[in-house]
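The following block contains the structure, expressed as structure tokens.
In order of appearance the chains are A, B, C and D, and numbering begins at 1 in each one.
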């Protein structure tokens, strides 16, 4: 999934005609000061760290300023922050509006009903997870007729809007629905949605684009989640790769099997640290690449747990043997292999010829790798 | 329904990116000549009368010209024409393209399945009604997923298109489908759709917009079908009014009852000439207006045949009596009334007080009006 | 058991505060129908014709258990009204509103169908089962309980014919005015099976019009699946050829759509054909006598 | 009678000329499945693995009577492939393709449903009934005819577990890999009734994963409607809290979605819970012995 920073989300909001405060991005304190001096952003204004995590207000990543000097000072202090592990590199400066109420609206998917859901609450401006269930209204939206008038009327009622404000909501929800579909969003969230005079203004913008729809959205191709360098390489090679704390590397195929492997390793006291999901590849080269990537993560031991379907055991065995040949001595790691399923006999034989024994049972093989990594048993 | 002249249809085609020949409208021979002299329309070109009827080619309403002088002569001769009852006031001048094939595509509604249908035939350039059934392909298009890739591939196959031409068709059909929906069209037809080099060009454009969708298409409000002046007045007053040959005026409510009345009058030798459908009005003023309109059509006799539902009998009776008071002596006509249904007794009494007898049975009342109009019996 | 409506049917009137909505709420109640709720956004909490008004259909259903809707809202908002009714779980909607764009009806029809809801109309007089319930606008005065079913594409012509049946001393089981718009929620073919399995209907009057192929489709169905006697009438036999819809339309209804093709198809399917509306009651009475004799 | 597929099932492979399409056509045939046709636009008239290839699904159905589709076409074209299959009247489509945008799946799912067609997947291993037919990609080697039903959201983990059942000397009635994408054509709740009424299934293994609420929904269904014994396993018990989908997602699955909530729900519904994949066969065998004794 591609999480967009607030300012990028607002660029998209603007494209769909969702009302926003006047604002601009700055990447240095000088730039921030200049924006208000030139009137690009009116004063007083708010200065917000462009990080993906929530809770910026409480965390000192959002400040207000009434003069250019205050803007500069605030920008300086925020740009230095590391906020929930993310270094602040961009700021969004926006005019400070006189708002009379903070609301919440979002569109996302409900997997159970397979329907998008319009979520609305009169309690905006706080994390929606902290709001009581009975103060949150959920309406399923069927993609065929799309968002209807009666649903928008209900949302207005829930949010306590009437007259011009209800009309403003009507337009805003149409825009949000269009955005959700046209941009292949997983989530579009406005929190807070501010009541300003007779209208509504989106003070924040959270937009998450679905990864799988990337083929029709080249415009998001340059946006990267915060990944480790190895994760980035893996992504380019289309290998699912996740780094966490822990010293055991796991190479498996399929998310379910990977998770089950993790469960078993944990049971025996292992600390899995690197997960590499081969998925449904049938290319020995990709297997080799995966192993070389794993080697770079310097695990204490590696557990290869494959159940061959699309990925055949002999393919994996070939790729593994080739990788072992290429891995420099300094990066070698103890390896426990378990390959089962399609072409199992061939794969086991290839491994055996290279001096690697495949342990057929999950429990025993997991115990062996935990031991190899230096844990019990 | 709003039938658009070819040039208007092509304006819409352009909006949706459907490829067209270079062309321009002219309203005089001078203007036509000037268009080619200034290069707005390249030579050689085709000059087409902008009338709604089909068969222009055979009827001398389409001519080719290779020089400005020929353009002027052709324009002069076509502008003088009265084509199938329609006077030619506008011409469309278009570059003459070197085409290798003439195809047919259209989108319209199939009432039985309640689905739009994509119609395609390799036999374009002739009236589609003259093409054999087995040479015409029909594909229903469901409005939820809309036009799909496999349907476009099938159309390409039917039309014998591949490569760049198939790609061109793919884009064209997407545009046509979008147009059909966004413009509330009853019909979008391209005949002929010309194969020109590696692409496709729409040589003609037939677009019919649905009347009922007028509220969301103010842009078509100024387009008038060819109506008689009385029909035009009726339209403004929202009274369904049709003038044909015949001397009996019929005022009824509802299309079915109007048609049934016509059937019965014809059976007894009557020649109904003016039909006025009150529809579901419940306003005596509208009834009065309808009668005054009818009087202006100078019928030999008028048959009022009302079955009161939404339209109540007493409302109609009141409106009728008021109208009779207003009609000038010179425009008076013999009247046979039959009012049944809701508030029948009240209505009959109002008429009786004004000296008009309501004949309750359809057969007898129809016979009476035929006699009054001077026919048998 | 009648067709689609019962004495237990609970009706919500969408657009109840409009003139037609109010008038026909009164008429439906006079017919004996349980009109339990009205809906007009913004008018919730008021009362029309002793009927509580709600802001939304959902509330109306929650509070009153309404299970049929009668829609009078103006054409530009009719689609929304129908979607609201379907989403509130109401299985039957009678749409009286006229001039709904057919592109809207395409969405309404296919969505309702996918959710298991039935539409009658639009631009239709609705359904009535004398002695039980009426959802729509057919004048109460034309009805009398009996065993003749009526389905029709027309409005007032239906009243005329239903009234003719009554004046002939016969009565109706259920009468449905389907509406004659390009896209209708329920066509002859959809309605025929309901009358086929209705034990209270002995014979059926089918009233068609020129244009479209609904009558030809009906004839096909009658030929293969409908076992009760049918009396058919097609209005517009003598109508001059109307303004044509364009070539593509003619392609779809190729060789169909005229009074001749419709009458031939229906006669071929075994229906008795009336040439004029006033011939219908005689034909009906003749069949009814024959049935009584058996 | 098995679940969804029979020995008489006739499969058309959409995307048969691609590598996966070809490989798995061979595997399905080796399983004994009647793969009667393949479809790849532009490749009509050729043959793949002794299977005739057509340009369109419609032709494939007309010529071969195919009544199930197995879709391998790449994600950007998968929606079109599914719509083609549904419009050709095929009632069952197994979508193996991964990475289909969920916005596409929303249209595919609701359209298929409205047309009475069932989707399994996407991004799923498909269905297999040993001794009858396989539509999908589960390795043939893991199967043995028997009376244990398996439904799973996982891919390879399913193979692992099905294989474990076989190695324990038991066999499977039908195994369905539903896929774990955000929008799936068939969820646990949709599949459970099929196993409930399948006379060849004595007990069911349910394999879930963390995330979403499908397992909680399944538990609710099992509690009220499912009478056969269930052995459940949830993968990801020890997984670190994943990257969250955003606040709104959490609102929808409030208090659900973790391994704990899923296991508690399933245990509460009477399922036997396995903590590790290798515990499943023992639990299954124990229940099977109990059933044999009765």
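Criterion: a contact is a pair of C-beta atoms (placed from the backbone, for glycine too) under 8 Å apart; a residue touches a chain by one contact, two chains touch by 3 or more.
Computed from a predicted structure; not experimentally measured.
Contact with both chain A and chain B is made by C, D. Distance from the centre of chain D peaks at B, each centre being the average of the chain's Cα atoms.
Across the two candidate interfaces, B-D and A-D, the one carrying more C-beta contacts is A-D.
Inter-chain spacing, taken between the CA centroids of chain C and chain D, is 44 Å.
Chain D has its Cα centroid 53 Å from the Cα centroid of chain B.
Between the CA-based centres of chain B and chain C the separation comes to 27 Å, rounded to the whole angstrom. For chain D, the set of residues that touch two or more other chains comprises 107, 110, 114. The set of chain A residues touching two or more other chains comprises 142, 144.
Across the complex, chain C is touched by residues 142, 144-145, 148-150, 153-154, 157 of chain A.
Residues 41, 55-58, 77, 79-81, 83-84, 87, 107, 110-111, 114 of chain D are the ones that touch chain B when the two sit in their complex. Chain contact summary for the complex, chain B toward chain C: residues 1, 3, 54, 106-112, 114-117, 119, 127-129, 133, 136, 138, 142-144, 181, 184, 186-187, 189, 191, 206, 208, 210-213, 215-216, 244, 252-257, 259-260, 262-264, 266-267, 279-280, 282, 306-311, 340-342, 344, 361-363. Partner chain A is touched in their complex by these residues of chain D: 19-20, 23, 75-76, 98-103, 105-107, 109-110, 125, 137-139, 141-142, 152-160, 163, 180, 182-184, 187, 207, 209-210, 212-214, 217, 233, 235-240, 243, 245-252, 254, 275-278.
Only residues 110, 113-114 of chain D touch chain C when the two sit together in their complex.
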